[in-house]
Amino acid sequence: MRDYHVTVLSNKQVSNRYWHLIVDSSDLKEAIEPGQFFNIKSTDYQTYYPLLRRPFSIYRIKEDTLEFLYKAEGAGTKQLATYKPGQKISLLGPAGVSYSIPKNCKKILLLARGVGIATLAALAQKADQMNIEIYAILSARNKDDLLATKTIEKYCTKVYCVTEEDKTSDVEHVRRMIHDLIKTHHIDAAYTCGSRRLSMLLQKITKANGITSQVALEEYMACGMGVCYSCVCDIKRQGVMQTVKSCEDGPVFPLEEVIFE
Amino acid sequence: MRDYHVTVLSNKQVSNRYWHLIVDSSDLKEAIEPGQFFNIKSTDYQTYYPLLRRPFSIYRIKEDTLEFLYKAEGAGTKQLATYKPGQKISLLGPAGVSYSIPKNCKKILLLARGVGIATLAALAQKADQMNIEIYAILSARNKDDLLATKTIEKYCTKVYCVTEEDKTSDVEHVRRMIHDLIKTHHIDAAYTCGSRRLSMLLQKITKANGITSQVALEEYMACGMGVCYSCVCDIKRQGVMQTVKSCEDGPVFPLEEVIFE
Amino acid sequence: MKKERKMEVDIGGMKITNPVMPASGAFGEGMDRVIDFNLLGALIPKSITKYPQRGNRTPRACETKGGMINSIGIQSKGIDYYLKETIPYYEQYSIPLISSISAESIDEFVEMSSIIASVTSVAALELNISCPNLKNNGQAFGMSDDITYQLVNRVRKVTDKPILVKLTPNVTDIQSIALAAERAGADSLVVANTPLAMAIDIHTRRPKIGNIMGGLSGPAIKPIIVRQIYQVHEVSQLPIIGCGGIMTADDAIEMMLAGASAVQVGTANFVSPTAMIDIIAGIQTYMEEHQLHRIDELIGGVIVMNQREEDYI
Amino acid sequence: MKKERKMEVDIGGMKITNPVMPASGAFGEGMDRVIDFNLLGALIPKSITKYPQRGNRTPRACETKGGMINSIGIQSKGIDYYLKETIPYYEQYSIPLISSISAESIDEFVEMSSIIASVTSVAALELNISCPNLKNNGQAFGMSDDITYQLVNRVRKVTDKPILVKLTPNVTDIQSIALAAERAGADSLVVANTPLAMAIDIHTRRPKIGNIMGGLSGPAIKPIIVRQIYQVHEVSQLPIIGCGGIMTADDAIEMMLAGASAVQVGTANFVSPTAMIDIIAGIQTYMEEHQLHRIDELIGGVIVMNQREEDYI
C-alpha cells in the first residue's frame, strides 16, 4: 500500500449514473487482487471539499492499467467524475483483504447489486483465468444501471439480470433463482456485494447448503489504512463476537461470520 | 445596488498578472459611475472557498457591457480568472461613492499605481466625454503591468509611465513629474488610486497648490454593503476625526480628508 | 399549486411570520437595496452601545477555511443616534424590530434596556452578553452563570417585552448558562455568538486581525453550534434561536431539528445578500417535500435512540 | 545546496529531531506501509484504555464543511495487548514513543501511567483528559481545573518521564486549566483535543454520528486552536504541542508562531498519508526562506502591538 500519483487515462460516463475510470498503473509494483480497494483523493488543499478520500473497489486489473466503476452521486464521486485524461490523481492502496477462491473450485456464483458488480467483475476476471465456471446474478434498479454487465459477461458462463424496472429483483425471486442454480450446478463458492438484503439471503442459503461464501462490505471509511476505527463491523469468528476494521480485516469477509443486525 | 446574475462575455489574461473581464450588463438598469465598484462572488455553496466576495472597481462602462481589470493573485482573483464566457456570475453593486468632477473643469491629473489604473480609466472615459484634458502618470512594477494602458491612452492627452524596471517610479521622480505638469498646465483636479505612498505625495502637492483632489481607497471589505464595518478608515471632515465605511462613504474620498497614519 | 406551509413561530410571546432573521452585526440598512426586509421574520440591527464607539483597529476581518474571523469591536453611534435615527428607519417595516444591546456593565445593560424597551416600535431586546472582547482576554458576561443570572434578572425587572439572551459558545457548560438565563426570566436564548479565534499571517508574523483575536463565523462553526442547540434544548424550556454557520435552508432545518425555534443568519448575507430569502423559500420546499404542515413539527425533531441502553462501550 | 536547518525541540526533557508528530487516534501501524515513521518527531498510537473496549456505535465519522466529526469511543484492545504487542511493534523505530492514556477515573489514570511509564521504550505519557464522551454529556476530566490538578499531580508522583497533558478546547478558560496542569507537574500541554460537535441528516432526521455528538477536527477548527495556543502561551511556561486542523506546513508554522513548540497532525493523515512528511519539508523550506537557523526562533514569534495602548475603543 502506498499513496500513488497516477495518471488518468480515461474517465467516461457509461450509463445514466455510472462512470468508468481507467488509470495508468505502470508504477504500481505491488500485487493487486480482486476484492481489494483504493482510497481515491477527491479534495485539494484549497477547498478541502469533500475532505476525505473515497474508497473504490478494483474493477479490472490489467498489465499497466487499473479500472474502477463508480456511481456518481455525492460530492466525492461527482468530483471524481470531473477528472480528465492526463490529470494526476492520488490513489492510496491497494488496501484490504481480497477474495479467496477455494482449492479445486470448479463453479462459483456471484450475486451483485448495483455498483457491487465492480468488485465481483474483478473476481470474475480472475476466476475465468483459473477456468472456473461463473454464474452471476446481477440486480439493479433498472436496465440502464446494468450497462456495465458487458465486462462481466465476457468472463461468465451465464449472467442473469434482475431489475426493479422488470419487477424481477425482489428477494423471493432471487431466492428461487439461486436455489435453481444450486440445484442444477454444483456451486463450490458464492460471492456477493452491494446489498444487505441479498447478503442476508445468500448467507442463509449458503449456510443451509454448506457452500463457502464471501461478502465485500461497504462500510463508511475515514482513513482506509486501519488507523481510525470508523469502518468497523461486527463479526462472529469461532464463536467470538469481534468488532473488526473492514478496511484492514475486510472488506471481504466469510459470509457466515458477518452479523447483519 | 442589487445582486445581479450576469453573463461573462469575455475573460482574458492581458498581461503576465492582469486579467480583463467583460460581462453583459444589459439587465442593469441603475446608473453606474466611475469610482464605484461591484462585489463579485467567487465561491459556491459547496466549497465556500474563498468565502467572501471580492470588490472590483468599474474599469469601463459601455451601453450593454461592464468591464473589470484585475490582478490574479490570491484565491478570489484566481477563481475569477477561471470564469468562462457564457458562465453566469454574481455581481453585487454598483456600490460606493463615485468620483466628482468640479464644474468648469478643463484639465485633470490622474496618478495610478498598479491595478489602480482600472478605476481611473473609467474616470478618464467620462472626463474625455466631457472634453476634459487628461494627464496621467501610471506607475507599475514593470512594463508588462502597463499593458493595460492602451485603454486609458485613448482618453488621455498625455500618458507618462514609470516603472521599477526602468528605475523611474521612485517617489522623488514622480514628485518632480507632478510639479512639472502642474507648472505647465493649469490642473483643476487630481485623482489617484493604488498606492499609499503616491496618495500621500499627491495629498501634499495638491494641498500646497490648492488643487481639488480625490483618492479611491482599497480597504479590506467583508460585506461591501455598509453593514459590517470591516472596511473602515479614518478621515478628518470639517476638523472632526471620523471612522467611516469605505464601501459606503467611499471608496472615493476627498484626498485632503484621508488620514494616512 | 403549492400549498403555503405555516411558518409562524412564537418567540417568547413575539409572533414572527417565519423563523428566519438576520444575526446582529451582519445586517443593516444598506441591505434594503438588495432584499425586501418585510419578507424576513424579524429585524435586528447591529448591537448598540450607550456611547459612540469607534470600534477596533483594522484589519477587522479575515477569512479562514470555511469561515471568517471578525473583530469589529461594536462600532456604534451610541444610543441617542439609535433612538433618533435607527429605530425610526426600521419603523417603516411591518415586521418586529429586535434591538441588540451591548454594554460594559450590568447597570449599563439595565439602563439601556429600560430606555430602548420603552420605545413602542421595539418588539424585543436581544442582550449581547457574549461579545468576545480582547479587553478581558475574550471574557464576556455570558461566561459565568452567576453574572448571566444577575444581568438578565435585573433587565427583566425593567421591561415586560421579550428578552432574548445571546449566549457565548466559549463556555465549558452551556446548559448551566442557559438555565441561569431561563431562571432569571429570559424569554428566548440565541445559541450562539462566535467562538473566539485567531489567525496569523506566517510571512508578516502579524495577527490577521488588528485586535489579535476575534469571533469565528460561517460554515466552519455550524457543527459546534448544532451541538450546543441540542444541549440547550435538552435542559431548557425556552425557545431557542440558532445562530452560527447557516448558509442554506438545509443548515437552518438542521438547527431546528436540533432544537431551534428560529434561526439567525450572519455571514451568509455577505456571501449572498439574498441568502435569508433563499433560506425561507428552501424551508418551504422542505416542508412540502416532507409533508409538514406546521414548522413546529421540525423543532427538536432529531431522532435519537436511547443512548444509555444502546451504547455498548 | 540547501542548508539543513536545526529542527530539534525539547518537550519537557524529551528531545525530538523535528516538531511534527501524529495526533493520537489518527495514526497507527497501518501507516508504516505508506511513510517512513523514523522521519517523524515522535510516535503516538491511539489512546489506550485499561480494559478492551468495543468503541461506539457506527457511523463513527462524518464530514462537515472544512472538517469531520468522529466518535470512535476509543476502541481498544486493553493495556495487556498494548504492552505485549503495541509497544514492541513501535520499538523497531528509533524515535520517541509517546503513550496516550485514557481512563475512567483518576485512580485508573495513575495505575495505567505507572505501568506504562515503567516500560523503558516509552519516552513520555500523554494524558487524554479531554475525550468528549457522551456518557457524561460531553464532560471530560479536563473541564475542571481542580480535577486536572489532582489527576496530573497523582500521575506525576508515579513517574519521572515527561507527562504531556492533552487539554480540551471545550472550556470557558483554557488558561486556568493549563495553569492547573502546570502547577501539578505537567511537562508539556497539548492544545487541544476536539471541539464537541454534532451534525444531523435532515432527511432521515438522525444524527450523522451513532453516538450523537463527537469531536470536530480538520481545517475548520484551526482558528479556535491557534487562539487557545496563544492564550496558553501567554500564561504558561510549558512547551505547547499544537493540535487541531493542521493540514500544511503553513498551518504548523502558524501554530508555532502562536506559541507551540511542536505540532500534532491528525485528520490531514487521512486526506494525505504523507502529510506529516510534507509538513516537515515545508517547515524546512520556510526556515530557509526566512533565514531561520533554529526552530526556536519561530516559537511564540507572532508580533503583536501592545494592545492596551493601541486599542482605541
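Going in written order, the chains are labelled A, B, C and D, and every chain counts its residues from 1.
The rule is simple: a contact is a pair of C-beta atoms (placed from the backbone, for glycine too) under 8 Å apart; a residue touches a chain by one contact, two chains touch by 3 or more.
Treat the numbers as computed from the prediction; the structure is a model and nothing was measured.
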When you check each chain against chain B and chain C, which touch both of them? none
Taking each chain's C-alpha mean as its centre, the one farthest from chain B: A
Computed distance of Cα centres, chain B from chain A, in Å: 58
Taking the mean of the CA coordinates per chain, how far is chain C from chain D in Å? 32
What is the distance, in whole Å, between the centres of chain A and chain C, each centre taken as the mean of its C-alpha atoms? 47
Chain A and chain D have mean C-alpha positions lying a whole-number Å distance apart equal to 36
Residues of chain B touching 2+ other chains? 48-49
If you look at chain D, which of its residues touch at least two other chains? 54-55, 65-67, 219
Taking touching chains as linked, do they make an open path (line), a single closed cycle (ring), a hub with spokes (star), an all-linked set (complete), or other? ring
I'd like to see which chains touch which, written out pair by pair. A-B, A-D, B-C, C-D
The residues of chain D that touch chain A in their complex are 25-31, 33-34, 46, 54-55, 58-63, 65-68, 70, 72, 75, 218-219, 247-248, 267, 269-274
What residues on chain B touch chain C, complex-wise? 1-3, 41, 43, 45, 48-53, 90, 92, 219-220, 222-230, 232-233, 243, 248
Listed in rising order, chain C residues that touch chain D in their complex are 53-57, 64-67, 69, 73, 134-135, 137-138, 143, 170-173, 175, 195-200, 202, 204-207, 211-213, 216, 219-224, 226-227, 230-231, 234, 245, 250, 253-254, 257-258, 286, 301-304, 307, 310-313
Going by the contact rule at the top, pick out the chain B residues touching chain A in the complex. 46-49, 75
